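Each of the next two complexes has chain A plus one other chain: chain B in the first, chain C in the second.
Entry: the complex of A and B
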């Protein structure tokens, strides 16, 4: 099981060194991965149908409670079958679709990564593991959306998708960790026992908020839906796979998975029903105004996701069953429609439905696929879509009181609009008269038209013979969501009842709409007027504002003037240290520790201060340098007074050298320009002065504290004993810390080389510029 | 005496910072030199000062018999002075080089060379 989950990850890593061999014809062989997984998981179907579940445990980081805990039940199996099944078709399809693309290997790498993370996501029992896989799907989706990375649009869409799903994932993690913390376990199955506790807990609302945020962003619910149409910038196989059949259903999956733990309360039902209901209506309505085939499909996908959220929100047995069935229904027909769109785009070079017509004459198998998918999406009797639609109506009708009317009406309107959208995508391009420009269009490689056809036929087969899947896939999934016994047998024919009537109305209205409303670009333009209020605009605006604020802030903070940075750093240091000094310790002068002052001390100090002041204020460079050297010599005198002869000699030598160098090199420079105005000088004076005061106070505080001479005594005692030297300072430098001194010499040597080369460097006049 | 040295350290630091904030490159360099002097004296002071007792063992004896000045700060400062000299000499030559190229001592002239090129 672990290998099954991680296989895709391993393969995608292997693609880094081996990818170049898979760019050509061999790329088809990669499809063996999803096909193998599909068959592997298929072998679980009979046992799962009997009500068994499987748990797998592999240690990863036991100390943190993060382990490879996998749990395979009906819900997981349904999703795994979709992921690997549709994955197989998409892997096969992509090979001719992206034939000759220079990054084909990369594409398959991303796709394998995605598939592995998606499989891992639905199988994880450990919520932290689940979160890791959740993020991996977001990341692989980011790469796949931005696959055409030379297009600015693709990059932007990828960023938006990552931003939204990633942000939601972050909140989801908070929710999952909170759940784990409260229930004391990170295993979802173990959390079931604390479901009642979690629902009654004060933080229940917060958990729901986090989980919903994660689910809504991933599953493109209003107001986060807009990343999904943007994600259609990805190559079409990706749209079919990630952004319709599988990844976007991860949000639905997490809601379904957590339903037994968190669901069934009012706090659960109302937000989901309202958001899901609004999303499905909003997106279905939008879908009929699109003229881009993928745009139509994107919005109808959002609407379908809305339906799923809505059904899980209702939370009755009927609705959960309907949700399980609809996941499958939708994946089958929507993936077929997407793959078909990909073929059309590939062969004709356009996806504009106002221009496409009559393609059935040149691409018959594809037209059949489109027709089957459209009919399934319409819910025509004898298609699987019909059963799905029936279940949805059954679910809405069986809610309480007034709700049943409202919800059914909602579902009805959505279904009518979706039917129209389905026809638009699946039938419109093939019907009517073939335009002259497309007469040369021919059928592509069979691997491109066979997958959508297969999916379309499956929709028909499952519709005619629902017993094929009702007990094997749909019922176990619903059972897993509801955590209760559900044994509904899916039937094509329920007899004459209100549900049949509703289906009939849907079909009738939708077909009317299709016959009398022609898609035009005008509708899009009309709709564009409301763009100002759309969440997308708000998102884009807020991103822009953030950027502007950041720019403004950077311009203030990082204006390129070093001394401004320096001033800020010093002011900050002064404030911080000053605060600590004022709050931390009381400042006093310990007179007992102060030694006496001799007259020559005072004299030298006076000269010193005078020289410093002169250095600061003098307008002449030479004066400043000379004053500087006076400062150095005076300090040298202090060293002499206070028992540091070595220091005095060093300081004297160095100071002399510096002055000589200074004068030699900078002699010809003009006098200082008076560059600063009075105000700047005052400010700098205050800043510098306060820093000086802070340093003095720190020195004073340190002097008041005790001093530890232990190390010094060690050196003093051992200078002669160990190193046979009587000048302790010298012994320290050349013996005890000899290696330090050696490196110091190296540093000096480097500086000397630098000085020498700078002096000798002769630039050509052109280089001076 | 300690108090006077503390005053001196404060002045050295303050004037060093003040010069660092100037636009003239030479002044910035002078500021660095003043500050490093301030730091040296600060270290010197923190090892406590002792008058007239250098950390040198008597000719006759093998270990200290009297009190003596702390040798560690002295060793540190000695290193600091020498390294400081390396820095200063390099900076001085660099200044000269910069001056000979842009013909200015003003730091702000270094900021936006690309604009001046246009």
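Entry: the complex of A and C
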């Protein structure tokens, strides 16, 4: 299991050295990875259908409670089948789609990384592990959206997507940690036992807020929805895979996964129903105004995600069953539509609906795929979409009181609009007269039209023979969400009842809308007037403001003068330490604890003071440096007097090297120019003097405190016993605190590399600004 | 620098100082000294040589770029840090040979750790100083 989860990660790492061999024809072979995983997880289906679940445990960081804990139940299985199944098709599809692209290997690397993190996400039982995979999906999505990194648009969209999903992930982590802290475990399955406690806890609202924020940002719910249409800048296989079928459903997944732990209360239901309901209406309404095929699909995807959130919010058994089925329905038809759009874009070079028509004459198999997907999205009887739609209506009708009418009406309107959007994407480009300019268009490589066709056919097969999946995938998933027994069998025919009537009305209204409303660019323009109030504009504005504030702050704080930085740092330290000294009580110096002064102390001190004075007043740089080194050597002598020989030798050598360094740098500079005026010198003098006074006071103050010898005694006693060394300082450095030393030398190495690369990097004149 | 006395002296001082630096490194476990100081002394020896003979000649003497000592040192320290893992002990456990070696004394993983620090310090000091000196010429 661990290998299955990590396989994608390993492959993506192997791609760094080996990727160049997979740019050509071999690229198709990478699809063996998702296909293999698909078959592996397929083997679990019969046992999961029987109600079994599987737990896997591998230690990772047991001391922090982070372990590879995987849990495979119906919900995880449904998602993992989607991820690997659609992943297989997308991997195959991308090979001809991006044929000859110079970064094809990189693309597959990102895609494998994404698939692995998604598989890990849905299988994780440990919430911290889940969070790690969650972030990995955001990051791999960032790379995939920005894949065409020469385009400023792509880069910007990638940034927005990362900003929104990353910010949401941050909040989600807060929620998960809070849950883990309160329930005392990081395993979701173990949290089930403390579900009642969590729901009654004072922090329950806060947990919900965090979790919802994570789910809404990831699943593009209003007002965070706008990153998803932007993410359509990615190559189409990515849109099909990440931004319709899998990643955006991660938010839905986390809500479903946490439903047994957190769900079922009013605090759970209302926000989800309101946000989900609003999102589905808003996005469905928006989708019909788009003229870009991918735009239509993006907004209808947001609407579908809204439906899912809405259904999980309602939280009855019917609605959870509907959600499980709809995840599958939507993934099948939306991935098919996206892949189909990719082919159209690839062959005709446009995605503008108003220009596309009659393509069935040149791309028949694709037209069939589009038709099947559109019909499934419309919910025509005998398609899988019909069953999904039935379940949604059943769920909304069976809620209590007057809400059932409202919710059903909401669902009805959304479905009508979605049906229109589906027809627009799946049927419109293929019907009517073929424009002259597209007559030369031909069918692409079979790997590009077969995947959407297969998905379309699957939609039809599952619709006609629902027994294929009801007990194996949909029911176990619903059971896992509800944490209760659900044994509804999916049926194509329910008899004449109100649900059938609603489905009929949906079909009728949607078809009418499709027949009478033609997509124009005018609608878009009308809609653009409201852009001023859209969340996207607000987000962009606030990003701009942040940038402005940051620029303003940097200009003030980082003006490029080292002397200003130093002065600021020292003044800040003086103020802080001085404040603490004054607030910390009266300043009292116990002169009796100060050791007696010998004659050599006085002599060295005299030299020291003389050197300092010389440093300040000399007009020559070299003299100043030499005088400074005298100061350093005097301090070394003090170390020797007070028995710190190790410190003394180190200081001595360092001082020598510092002088050498200074000489090397300053040797070539012109002689001292008197740049500082009297005022600047006075200020520097005051700063330096006060810093000296504060530090001296602190040093003298320290003598007052009780001295704790425990640590030094331990080292003194054990240096020889445990580490076989007599020099305690050295034993501490190489043994007791060896890890510190290790990291210090790493830092030193980095500093050396930094100096080296800064100085070696001499820009050519043409590269300079 | 044109001083003949210094030039002649530095040719002899280089091996002596290097020997001294090794001495400091080895005695570190019992008396003041250790890898860090030893490394600094060795670096000073080369710097002195470069002052009198020119940086190019010192680099020739070293045969490799001093920067390559950085990974050597880091690798040595890391290895001696991780070595106890092979005998199922926690990282950084001191491993010691049973018998003392003549002249050097007890040999353990701490000595190799210190040796790594020594090489690293020589590497970084010389890298920084030589880069700057070449740059400022």
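The working rule: the second predicted complex is superposed on the first by the 564 of 769 C-alpha atoms of A that agree within 3 Å, B and C clash if a C-alpha of one lies under 4 Å from a C-alpha of the other, contacts with A are read in each partner's own complex, and residues count from 1 in each chain.
In this section, contacts are C-beta pairs under 8 Å (C-beta built on N, C-alpha and C of every residue); 3 or more make two chains touch, one makes a residue touch a chain.
Since we're looking at a predicted model, the values are computed, not measured.
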{"item": "Which superposed partner A:660 touches (first chain B, second chain C, both, neither)", "value": "second"}
{"item": "More chain A residues in contact [chain B versus chain C]", "value": "B"}
{"item": "Touched partner set for A:738, first chain B, second chain C, both or neither", "value": "second"}
{"item": "Chain B versus chain C as contact partner of A:760, first or second or both or neither", "value": "second"}
{"item": "Partner chain in contact with A:322 - chain B first, chain C second, else both or neither", "value": "neither"}
{"item": "Touched partner set for A:631, first chain B, second chain C, both or neither", "value": "first"}
{"item": "First (chain B), second (chain C), both or neither touched by A:717", "value": "first"}
{"item": "Which superposed partner A:727 touches (first chain B, second chain C, both, neither)", "value": "both"}
{"item": "Partner chain(s) touched by A:123 [first = chain B, second = chain C, both, neither]", "value": "neither"}
{"item": "Chain B versus chain C as contact partner of A:645, first or second or both or neither", "value": "both"}
{"item": "Where chain A meets both chain C and chain B, residue numbers", "value": "645-646, 650, 654, 657, 661, 665, 726-727, 729, 733, 741, 748, 751-752, 755, 759"}
{"item": "Contact set on chain A toward chain C in their complex", "value": "645-646, 648-650, 653-654, 656-657, 660-661, 664-665, 667-668, 722-727, 729-731, 733-735, 738-739, 741-742, 745-746, 748-749, 751-753, 755-756, 759-760"}
{"item": "In the complex with chain A, residue positions of chain C that touch it", "value": "24, 28-37, 40-41, 43-44, 47, 51, 67, 70-71, 73-74, 77-78, 81, 91-92, 94, 96, 106, 108, 110, 113-114, 116-117, 120-121, 123-125, 127-129, 131-133, 135-136"}
{"item": "Interfacial residue positions of chain A with respect to chain B in the complex", "value": "560-563, 566-567, 570, 589, 593-597, 601-602, 605, 608-609, 612-613, 615-616, 621, 624-625, 628, 631-632, 635, 638-639, 641-647, 650-651, 654, 657-658, 661-662, 665-666, 669-670, 672-673, 675-676, 684-685, 687-689, 691-693, 695-696, 699-700, 702-703, 707, 709, 711-712, 715-717, 719-721, 726-729, 732-733, 737, 740-741, 744, 747-748, 750-752, 754-755, 758-759, 761, 763, 768-769"}
{"item": "Of chain B, residues touching chain A in the complex", "value": "1-24, 26-27, 30, 33-34, 37-38, 40-42, 44-59, 62-64, 68-72, 74-75, 77-79, 81-90, 92-97, 99, 101, 105-108, 111-112, 117"}
